[in-house]
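Below are the structure tokens for one structure; questions will follow.
Chain IDs A, B, C, D and E follow the sequence of writing; residue 1 opens each chain.
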Amino acid sequence: MSEFTRPMEGATEIPPAGFNFENVSRNARLMEAWTNAKEQAEAMRKHHAQHGMDVAPMMAGGGYPNHMPLAKKTGTTIAGIVFKGGVVLGADTRATNGDEVAEKNCRKIHYVADNMYCCGAGTAADTDQTTALVASQLELLRMDLHLPHATSLRMKTAVTRISRLLFRYQGHVSAALILGGVDKAEGAQLYSIHPHGSSMRFAYTAMGSGSLAAISVLESAWEPDMEEADAVTLVQRAITAGIFNDLGSGSNCDICVIKNDGAVDYQRPSLTPNNTAPFRAAITRSSRMDMKPGTTPILDSKFVPHKGATLADVTVTEMEVS
Amino acid sequence: MFRNQYDTDVTVWSPEGRLLQVEYAMESVKQGSACVGLRSNSHCVLGALKRSVSELSWHQKKLLEIDDHMLVGIAGLTADARTLAKYMRNECLHNKYVYGTPMPPHQLMADVADKHQRTTQTYVRRPFGVGLLVASVDPLTQKPHLYQTCPSGNLYEFYASAIGARSQSARTYLEKHHETFGDASRDDLIVHALQALVGCVSGDDELTKENASIGIVGKDEKFTLLEGDALQPFLDRLELKGGDDDEEEAGDDAAAEAEPMET
Amino acid sequence: MWGMNHHHRSSAPADPKSHTTRPIVTGASVLGVKYNGGVMLAADTLLSYGSMAKTMNASRLMEIDQTLIGASGEYSDFQAIQEMLEAKSLQMQSGLLQEREGDEPPMTARSMWNYLRVVMYHRRNKMNPLWNSVVVAGKDGATGEFFLGNVDRLGTTVEDNIMATGFGAYMGVPLLREKWRPDMDEGEARALLEDCMKVLYYRDCRAASRIQLAKVSADGVLISEPYELETSWAGSTDYIPLNTPLALP
Amino acid sequence: MMSASHSSMVNPMSSNPYGLKEGEVSTGTTILAMPFDGGVMLGADTRTSMGSYATSRSTDKITFLSDHIFCLRSGSAADTQAISDIVKHYLSHLTIETGREPLVKTAAHLMKNIVYSNKDSLSAGVIIAGWDPVEGGQVFNVVQGGSCLKQSFALGGSGSLFIYGLMDSEFKEGMTQDEARALVKKAISHAMARDGSSGGMVRTMTVTAEGNKRDVTPGNELPFGPVF
Amino acid sequence: MASSGSGYDLSAATFSPDGRIFQVEYAGKAVENAGTVIGIHAKDGVVLGVAKPLYHKMIVPTTASYKRIHTVDVHAGVATTGFLPDARVLVGRAQEEAADWQEHYGSKVPPHVLADRLGHYVHYFTLHGALRPFGASCVLGGYDVDTKECGLYMLEPNGAAYKYYGVATGKGKQVAKTELEKLNLHKQDAESSMDVATAVKNVAKILILLHKENKDSDGKPMELELSWICEASKWKHAPIPKDVLTAAKEWANEQLEEEDEDDEEEEEAMEEG
């Protein structure tokens, strides 16, 4: 999962509502510039090679950038399976910004409705906003239809809403989702939805950069009608495979179990295989590094009140209540 | 020395089917000072007698390191030996780079022997004028091997051997005792090597820590050179007679003295 | 001495791009594990030409001097490596002074691995790589322990208890890492490799269910005949596409 | 089968799988060889094309290498003719030196050596088929790039893609000569019907210990024509 | 040597007035002075053998550096004699030829081609003043993988590479030839033609006989080196297994003793008669 740089604290400019694609045209311009630079470099290298000069830099891609700047690679492992009593979803908790770990414990299993949750891979903002948008649509729909129970909301409806939204944006909304949940019509269900708007139903699936690692675990050990405990362990194993084998995934494993009766068991964290506290604790720092209060004596102190308005000038009125 | 028209060129066979130029090259080995080699089941030891060419010169090196598991002792033209040693060192390094393992000695020796042969079949080069004793340990089996090369391109493996000036006395000594070398300890082998060398010292000289040199490789022992003070404890175990006696006797006496050490 | 040979095959073209730029006939993943008493490799027997299955019974595992070699990537390059190693082996075996007591092979797995590194690195420096990732399994000459290593087309070498090339690096390794133990017996090793090959068959479009196993153990080297994996399709057969009108019961 | 654009990249699945240069004549082809009881049967279409123009409609792609060994050529006509000439030359040398007929695998090996070591400048996919006294009838496929595959039957050229399924289901070991010829003709006719770069007639060659026999089926007498 | 000193014998590039090339003949002398090599082409394989007297006490007799029979390729081997460094070069060349053939044609070189190519190589050294002829000879045994037949050839310093049923060269050439001729090896089709097991015994016998008859080597220890290509060796060139070798030696010694006794009896009978 990646995060674009956050706006500065206290920035005054508020972005317009909805998704923003001003970078699309910027990227197109960059791409063009890059292609030109590459062609020039190629021509140069050909010239060199024909004259018997060193052509080694080609291998290293020297001289021009290897590729145009892209949105940062998504690094995530999410997975879900259907078991006898419902659906289990799992996700890692690492958020990356390029090669940096931007956040060690982020939430990737999003609330969509009381009876369905959604794991998101891709650009963090896109998955957050998409799931939130659909969540509010579903809630409005539920109220509009006077559905008494959460499980009366159909999974199909959610899948359709999400995939229509994503398709409308032609893949520019970078959200790869696994939607899991239960409804009265079809029981426990699991769907994967790709950024371009396609959706598929599975008994088990995985997405994100760690999906290959996760799916290998699921493919080798999933079986029909698993018990809940086994199902949770399997998803944990799949996510852990992503955490340890995919560099884009890491930190903890979150789990969300949605049972056939609509009950939800959201475990966050469910596993903490990368707890660093013991390692930190194991490092003994010299006591000389710790400075006790008072180590530096206070020689003198002085208080200068602000010269402008004083507290007494402010008129305090009570807030109106209705 | 026998001279005739067949002896000036390496590419000419004599009517008897001999290569006289090559045989003459073999004579040059006898010009060098002596070098002995012997092996047990775990170690291979070379001993050499160093010469100094003048009062002001150092004793010249006789034992050259090739690799951790290999060293050569030389007798004959030093410059020719240096060429060969450089070649052998290069081959060892190359093998290490390509296969990640030390050069198997038998393989290297075959190449060295072929290198000698090449000089005997074309008239552009003269044969090498040097004999080598090569002490080595096979890196795979950890067994010691002692090889001897010859300017003709012949190659032998020995339990013990000696080359160079006055080496006959050393060979006699080694021949008498070689059957006991198999189980001998490392230190005993060194003493045997020195004892064999005693007979090779020229009349008015004697074997000292200055002119003696010992090189060892063994199972679990990388190339070690013993010279100077390090050699003294071993020299102290010899009774130096050599000088005045004739060669055969020197060997015999030395043998008689050496025997108690082996028990 | 193929690879660094004296018969130079073709002069380098003026355009460096026209060197080998991609594989044409390819084999998919090779997997390997060390286990208690040996080391085992697995590979399927499919060769692809683009996405077409060109032939379905080609072995990508070979034995040379009690060492196993398995390769993914360009098959013609694998054949060249095969010929090169066979010639090398013969050269070393019949070499003039080749006689050690016992039948120690002249080149152990580790030295073969090292030799391949030199050849592959040399070729990539000539901008003409051998387009393979090669797994080497056998015995380490110096220690007598079992050896498992990999050389890629750049000449990078890796040594490990588990090994996977191609897609196997993404889908085999997680399982191998999770399940591997040093005290695994041969049956466990085989089961683990078969599990991984199965997953690869499910999810790698260039993999097949017809595989070969090979092992090096105290008994020597054994390469199995190709056989079919048993696959499972449970959980994958039930679902019909979304928004398909359902026939009423 | 070929587009005119130049590309040194070889993409087997593109419309220009052999990376031909502009104006290069290619045998956009269907070729097929299979062993039968007592020999091998080779078959090929007869179209040679340059882009979508058929420069020849009666080409003979079944090329002599030695008395009982032939090759079938696909890819660049110039390249494959040149290398089969070289292999033929090598084999005649070999025949003189050894005093006996060359083996099919030797011919395949020579062909592979050339294709493999010149993979960057050749566009050639060649099937070598023949009979020798040691191993009987055999078929080798030397694929673009230089892999050498011994196969139970071999297909090559752009048209082969259309008949893999047919051959997979109809080929059997140990067919009679007549069955083999009928299958080869049928398969090539099917390929010619669906592949624009294959066409013309079907030529076959039967190679047995007793001798070789050619056969041509004109374009209007094929066992299969397009169904409309 | 009658012609020595005539000045026509100093270069391989010089003919003598009577059309001989003395340098090649002199090189042949190096072979005639060296150890004997014997080869037998039996009906089901080939056997090569050399005898190596141990002239030196301290030499390691089992070592590879003392080897005189070498494997050239899986299916071919040579036994060498003469000036051994030269012989080693021939072996190396044979190995190269076999490897080149494999690389070029993807198959095993037929033995007659290998012998022929080696002959060309040796012959080249008889043409130039700057080179000298090889002072070595070798007996080549090989298995033709295609025709499933074995072949036995001898290479001489002049470049000749003839095929033989049985062949000997080196010091004991004459005696060995006489003994080989007694074995009727050229009658391969006959019922009684020799199999490879018998050939091994006879090679051992002839070599031991030669050793005993030679005044220089008698009494000195001797090492037999024998190899074969036959069904038992899976048609590969391999040293003869130790037990087979020991049995052959025992058989040879018994035979020789019997013959001695017979001779003595005969002699006695003669004397008496």
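Heads up, the rule we're going with is that contacts are C-beta pairs under 8 Å (C-beta built on N, C-alpha and C of every residue); 3 or more make two chains touch, one makes a residue touch a chain.
For reference, the UniProt names are A = proteasome endopeptidase complex; B = Proteasome subunit alpha type; C, D = Proteasome subunit beta; E = Proteasome subunit alpha type-3.
Just so we're clear, the structure is a prediction, and the values are computed from it rather than from any experiment.
Shared contact partners of chain A and chain C (Proteasome subunit beta) are absent; no chain touches both. Each step here moves to a touching chain, and the least such steps from chain C (Proteasome subunit beta) to chain D (Proteasome subunit beta) number 1. By the count of C-beta pairs in contact, the leading chain pair is B-E.
The chain occupying the central position, as judged from C-alpha centroids, is C. Put simply, the chain farthest from chain E by mean CA position is A. Placing every chain at the mean of its C-alpha atoms, the farthest one from chain D (Proteasome subunit beta) is found to be B.
Here the spacing of chain C (Proteasome subunit beta) and chain E, counted between their Cα centres, is 45 Å. Mean C-alpha positions place chain D (Proteasome subunit beta) and chain E at a centre distance of 49 Å. Look at where the CA atoms of chain A average out and do the same for chain E: the two points lie 80 Å apart.
Per-chain Cα centroids separate chain B (Proteasome subunit alpha type) from chain E by 33 Å.
Residue positions 106, 109-110, 114, 155 of chain B (Proteasome subunit alpha type) are each in touch with at least two other chains.
Residue numbers of chain C (Proteasome subunit beta) whose C-beta contacts span two or more other chains: 15, 95-99.
The multi-chain contact residues of chain A, meaning those touching 2 or more other chains, do not exist; every residue touches at most one other chain. Contact between chains, per the stated criterion, is found for A-C, B-C, B-E, C-D, C-E, D-E.
Listing the residues of chain C (Proteasome subunit beta) that touch chain A in their complex gives 14-16, 124, 127, 167, 170-175, 177-178, 195-196, 198-199, 202-203, 234-236, 238-239, 241-243.
Looking at the complex, you find that chain E touches chain D (Proteasome subunit beta) at residues 104-107, 110, 112-113, 116, 146-147. Of all residues in chain C (Proteasome subunit beta), only 2, 83, 86-87, 90-91, 93-99 touch chain E in the complex they form. Residues of chain C (Proteasome subunit beta) touching chain D (Proteasome subunit beta) in their complex: 9-10, 13, 15, 17-25, 47, 49-52, 54-55, 58, 74-76, 79-80.
Partner chain C (Proteasome subunit beta) is touched in their complex by these residues of chain D (Proteasome subunit beta): 8-13, 112, 116-121, 141, 143-149, 151, 161, 164.
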